[in-house]
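Each of the next two complexes has chain A plus one other chain: chain B in the first, chain C in the second.
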Partner chain A sequence: MAHSAGKYIFGYAASLVLTAVAFGLALTRALAPGPLVLALILLAGCQVLVQLYFFMHVTEGDGPAFHSAALVLGFIFTFAVVLMSMWIMTFHSQVA
Partner chain B sequence: MLEALRNFADTYLMWHEGPLIWGSDALILLTVIGIVAVLTYFKKWGWLWREWLTTVDHKKIGIMYMIAALLMLFRGGVDAELMRTQLAFPGNHFLDAEHYNQIFTTHGTIMILFMAMPFIFALFNIVVPLQIGARDVAFPFLNAVSFWLFFFGALLFNISFVFGGSPDAGWVSYPPLSELEFDPGPGENYYLLGIQISGIGSIATGINFLATILKMRAPGMTLMRMPLFTWSVLAASIMIIFAFPALTVALALLLLDRIAGTHFFTMLHGGNPTMFVNLFWIWGHPEVYIVVLPAFGAFSEIVATFSRKRIFGYGSMVSSLMLISIISYFVWVHHFFTMGAGPDVNTFFAIASMAVAIPTGVKVFNWLFTMFQGRIRLSLPMLWAIAFVPCFAIGGATGVMLAVAPADYQYHNSYFLIAHFHQTLIGGVVFGMLAGMYYWWPKMFGFKLDERLGRWAFWFFNAGFYVCFMPQYALGFMGMQRRMYVYPADLGWGPLNLVSTIGAYLMGIGFLFIVAQVVYSIRHGERDLTGDPWDGRTLEWSLPSPVPHYNFAAIPTVTDRDMWWVLKNEGRTEDLQPKSADLKPIHMPKNSGAPFLIGVSFFVAGFGFVFNWWLPAVAGLCGVAACLAWRSFQYDDEYSVPVEEVMATEISLGRL
Partner chain C sequence: MAVIERELTQPAQHPERESPSHHESGHLPPEYRDHHQSVRIFGFWLFLATDMLLFACLFATYLVLKTHTDGGPAARDLFDVPGFSAETLILLTSSFTGGLATLAMRRGHQKQVLGWLVATMALGLCFLGLEVKEFATDVSAGATMQRSAFLSAFFTLVGTHGAHVSYGILWMFMVLLQVARRGITAVTARKVFIVNLYWHFLDVVWVFIFTVVYLFGVVM
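What follows is the complex of A and B.
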C-alpha cells in the first residue's frame, strides 16, 4: 500500500470531493452563516488530514524525529496565523 | 486600418503619453535587436540554449539569478532617481501624479521581489552546495523551474511599463484601492500575476534548499559543523515555506475579485479589505527576514575570513538565526498598528517586534567580537561588512522606535518609516549581497573584481546613502508623508528634500562604478589561480575557480567546523585533493528544456489573464500541463560522467 497508485487516486478524489462540497455549500448558502462557517472549517480540517495522509505520507516517514518536528512547527505557525488573525479582526477593525 | 493601429498604440502602447514612453520603446527595441544580432552574428543561439536556457547546474542558475538581480537593481534604481528628481524641489512637475504612483509602485515591488529575492537565491545557488560538499541541489530540475518562473514573472511585471500600463496602487497594493472599481485597467493584474508566478518559484526554492541542506551534506558535516551562511539559508528556507503561501492566497483572492467578480476584499457584499492587509503582512514581515538572514550569513563568513579568526559565538549565532526565524511570525501587525485593532493586539505585537532586536543584537556583537584582535584585511567584501554594522544598528534602533505602538501613530507612513526601512534593507540586504557578490565572485568566474573601482563605488554608495536617507528621518518628523508626489514651498521641506535627492544621485554614481568595475575586471581583473583568493575557511575554497561542473571529484569527509582552514593550518590540504585511484563515475542530472518552456507557458497564461484574454490564458495553462506531463514520463534524466573525463579535467586543473 506504501506508494500504490490506488492510494493516490483515492486521495486525489477525496480532496476534489471535499473542495467541491465546500464550494457548493458556500455558493448555494445552504446553511445559516454560523453553521456554514463551522461546516467549512470542518471540511478544511478533513482536507488537511487527506493531504497529510495520502500525499505527504506522515505515517510512513523514515526519520520520525525530523518529520514530527517539522509537522509541529507547521501546526504552530498555522494556528498562530489563523487564531491571531481572528483575534486581530475582533477589535472593531471591520471597515464595512 | 490606420485608425485601428492608432487606437491600439494609444490603448496598449500608451503612445499618447509622450517622450518617456517613446524613449523606453526605442531603447527596448534597440536592446532586443542588439542581442539578437550579436547572437546571430557569432552563431551563439545553440550555445545559449545548451549552456544556459536548459541548464540544471546550480552554479549557472546562480549566475543567471545574479545577472537578473543586477538588472533589476538598475531598473528599480532608475525608478528611485525619477522619484527623487520629482521631489527635489517644492511644487515640481517633472512627473505627474499618475506617473509618480506607478513609479513608486514598481520601485518597491521590483526592489523586494525582483531584486532582493533573486540576489539571495543567486548566493543560495552558488554557495550552498559547495559549502556542504554536494554536487548539486536536491532537486536540480525543480531548481531550474524556480529560476524560469522567477524570470518570466519578472518579465511579465516589467513589460507592464510599455504595454498596457504599470500598476499604481503601491507595492502593498491594498484593497479597496486595488480593486477593479477604483483601479481599472491591466496594471494591477500585472502586479498580481507577475508576483504570483515568481512566488511559485520562490516556494520551490525554499523546499529545494531545505531538502538540500538537510539531506545532501558531505559525510561528517553535522548540523553544528555547517558554515553559518548555510545555516542562514536553512533559516530563510523554513521562513519561505511557511510565509509565501500567505502571499499566494492574498494575491489569488484579490485576483479573483478583479477578474471573476468575487468579493473577498471589496467594501460591499461582506468583503473585508483589512484581511488582505493582514494576509499580506503575514508574508511581508517574515519576507524582510528572508532577505536579510542570508545577508547575515554572508557577513558571518566574510568577517571571520577577513579577521582570520573563527567566528565568535558560533552556537549563539545559530540559535539567534533560528530565533529570528520563529519570532518573525509574531510581529506582522506592527505594519498596521494604526488600523485600530485595540491595545491588547498592539501591545502583543509591539513587544514581539522589540524582541527581535535581542537576537539581532547578539549577532552584531558577535561580529564585532570576531573582529576584535583579529588581523583585519580591508578588502572589498570586508569594507561592505564593516559599513553594514553602524548602518544596520541605526536602522535597528529606529525600528525599535517604530515598534512602540503609541509612538507609531506619529511615525506611521511618514518619511521616518521610509528612512528606517531603507536603512535596514539597503544597509542589511544590499550591502550584504554586494559583499557576498565580491566575496564569491572569484569562485564563480575565476577572477577578482577590481579593488580600486570598487572602492570608488563603495564610498559613493555609502556617503550617498547617508546623504539621501538621514534627511528623510527629519522630514518624517516634519510631517512629510510617503507617496506624496508634490509639496508646497511654505512647509519648509525643500532644502532637506534637495539634500536627499543629491544623496540619491551619489548612490546612482556608486552603482555606475560597480558596472564599470565589472566591465573593467572581465579583462583586467586579477585572475584567481589558487581557488582560494581570500585565504578562506570553508569547503568551497578547496575547489578550483571556476568550479568544474561536477563540483567535487571526490566527496570530502568533514571532521571540523571551518574544515578548509583547519586543514591549511595542519598542512594537510592534500587530504581534499582527489586521488586517481579513488575516482568513480559521477552521476549528474541531464539538462532539460522543460523548465524554460514551463516559464514561457506561465508567461503566456499570465499575459492572457492580465487582459482577460481567455485564449492565451487557456493556451498557456495547457502548455504548463503539457510540459508537466512530458516531464513525468522522462525516465532517462541522468547520465554519468566517466572517470577519464573527471581525471582529464582534474589534471588540466593541476589537481592530480
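What follows is the complex of A and C.
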C-alpha cells in the first residue's frame, strides 16, 4: 500500500495534467481575466494537494497529525498576508 | 481469537524493530519507526510552515509591486513562454523522481535510492541552468533588479526560490553520500524522507510562481 509506485505515478500524471490545463487556459486566454485568475489559483491549489498527498505523505506519520495543524496555520497566515497586503495597498491613492 | 493470534505472532514478525516501546511501529514506514526520527520529521514540517511564510511575504510584495514598472519592461515583455514551460516540466519531473527515491528507501533498495537522488539533482541542475540563462537574458536586455520595483520584487521572489533549489541540491548530495556510505538506517531513512519533503515543497512554491508570476504576467 504505502510502498507502491502507483501512487507516485498517479501523482505525477495528475500534476502534469493540472499544469497543462493551467498553461492551456492562460495561453489561449480561454476565459475573461477575473474567472481566469480564479481558475488558475484553484488549479494551483489542486497541485498543492497532489504534492502533499501523493508525494509528501501528509496523511502518514507517528501519532496525532500535529504537522497538519502547523500546515493549516501556515496556509491561513499565507493567505492573510497576501490578500490583506493587496487589499490595503488598494487604498494608497486615497492617502497619498 | 484473531487479536490474540496477532499479539502472539507480532514480536516474532518484527525482530528487527528499532523502537520496541512503540507498539504501532510495525505499520509505519521506516522513517517513522524510531520515535527520535519521527520527532525530527515533525520539526521539519514546522520549518516548512515557516518557510511558507517567507514566501508568503515575497508573493505579497510581488503582487503589490507588479504594476510598478516605472516605464521599464513589464511582465508581458519579459517572460519567455517556452523557457518557463521547460523549467516547470523539469521541476515537476524532479519532484516525481525525488518521490521515487523515498519509495526506494521504503523498500530498502539502497542502489535505487542513490540512482533516483542523482536523477533528481541532475534535473535540479537543469532547472537552475535555465533560470540563470533566463536571468542573464533579462539583465542583458536592461531588465536589472535596480530598474523598477516590479523587477526588484520579481528577482527577489524567483531568486529566493532558486537559492532554495541550489541549497536543496547541495543538501541532497550530502544525503546521497551518507546513504552510499552507511546504507539505509533509521537515520538515513529519515534524511532521505525530509530532503524530499523539502524538494516537494520547492515544487509547490514553483507552482505558485509559474501561476502568479509567469501565467498572470503573460495574460495581463
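In the analysis below, the second predicted complex is superposed on the first by the 80 of 96 C-alpha atoms of A that agree within 3 Å, B and C clash if a C-alpha of one lies under 4 Å from a C-alpha of the other, contacts with A are read in each partner's own complex, and residues count from 1 in each chain.
What we mean here is this: a residue touches a chain if its C-beta (ideal position, glycine included) is under 8 Å from a C-beta of that chain, and two chains touch if they have at least 3 such contacts.
None of these values were measured; they are calculated from a predicted model.
Greater residue coverage of chain A by touch, when chain B is weighed against chain C, goes to C.
By the document's definition of touching, neither partner reaches A:L42: not chain B, not chain C.
In the superposition on chain A, contact is made by A:F77 with both chain B and chain C.
Once chain A of one complex is fitted onto chain A of the other, the partner contacts of A:W87 are limited to chain B, with no touch recorded for chain C.
In the superposition on chain A, A:F66 makes contact with both chain B and chain C. Look at A:G11: by the touch rule set out above, it reaches chain C but stays clear of chain B.
Common to the chain B and chain C interfaces on chain A are residues 66, 73-74, 77, 81, 85, 89. Those residues of chain A that touch chain B in the shared complex are 66, 73-74, 77, 80-81, 84-85, 87-89, 91-96. Chain C makes touch with chain A in their complex at residues 22, 24, 28-29, 32, 35, 38, 41-42, 45-46, 48-50, 52-53, 55-57, 59-61, 63-64, 81, 85, 88-89, 92-93, 95-96, 98-100, 102-103, 106-107, 196-197, 200-201, 203-204, 207-208, 210-212, 215-216, 218-220. Those residues of chain B that touch chain A in the complex are listed here as 214, 238, 242, 246, 267-268, 270-275, 278-279, 282, 329-330, 333, 339-342, 344-345.
Those residues of chain A whose C-beta lies close enough to touch chain C in the complex are 2-3, 5, 8, 11-12, 15-16, 19, 22-23, 26-27, 29, 33, 36-37, 40-41, 43-44, 47-48, 51-52, 54-57, 60-63, 66-67, 70-71, 73-75, 77-78, 81-82, 85-86, 89.
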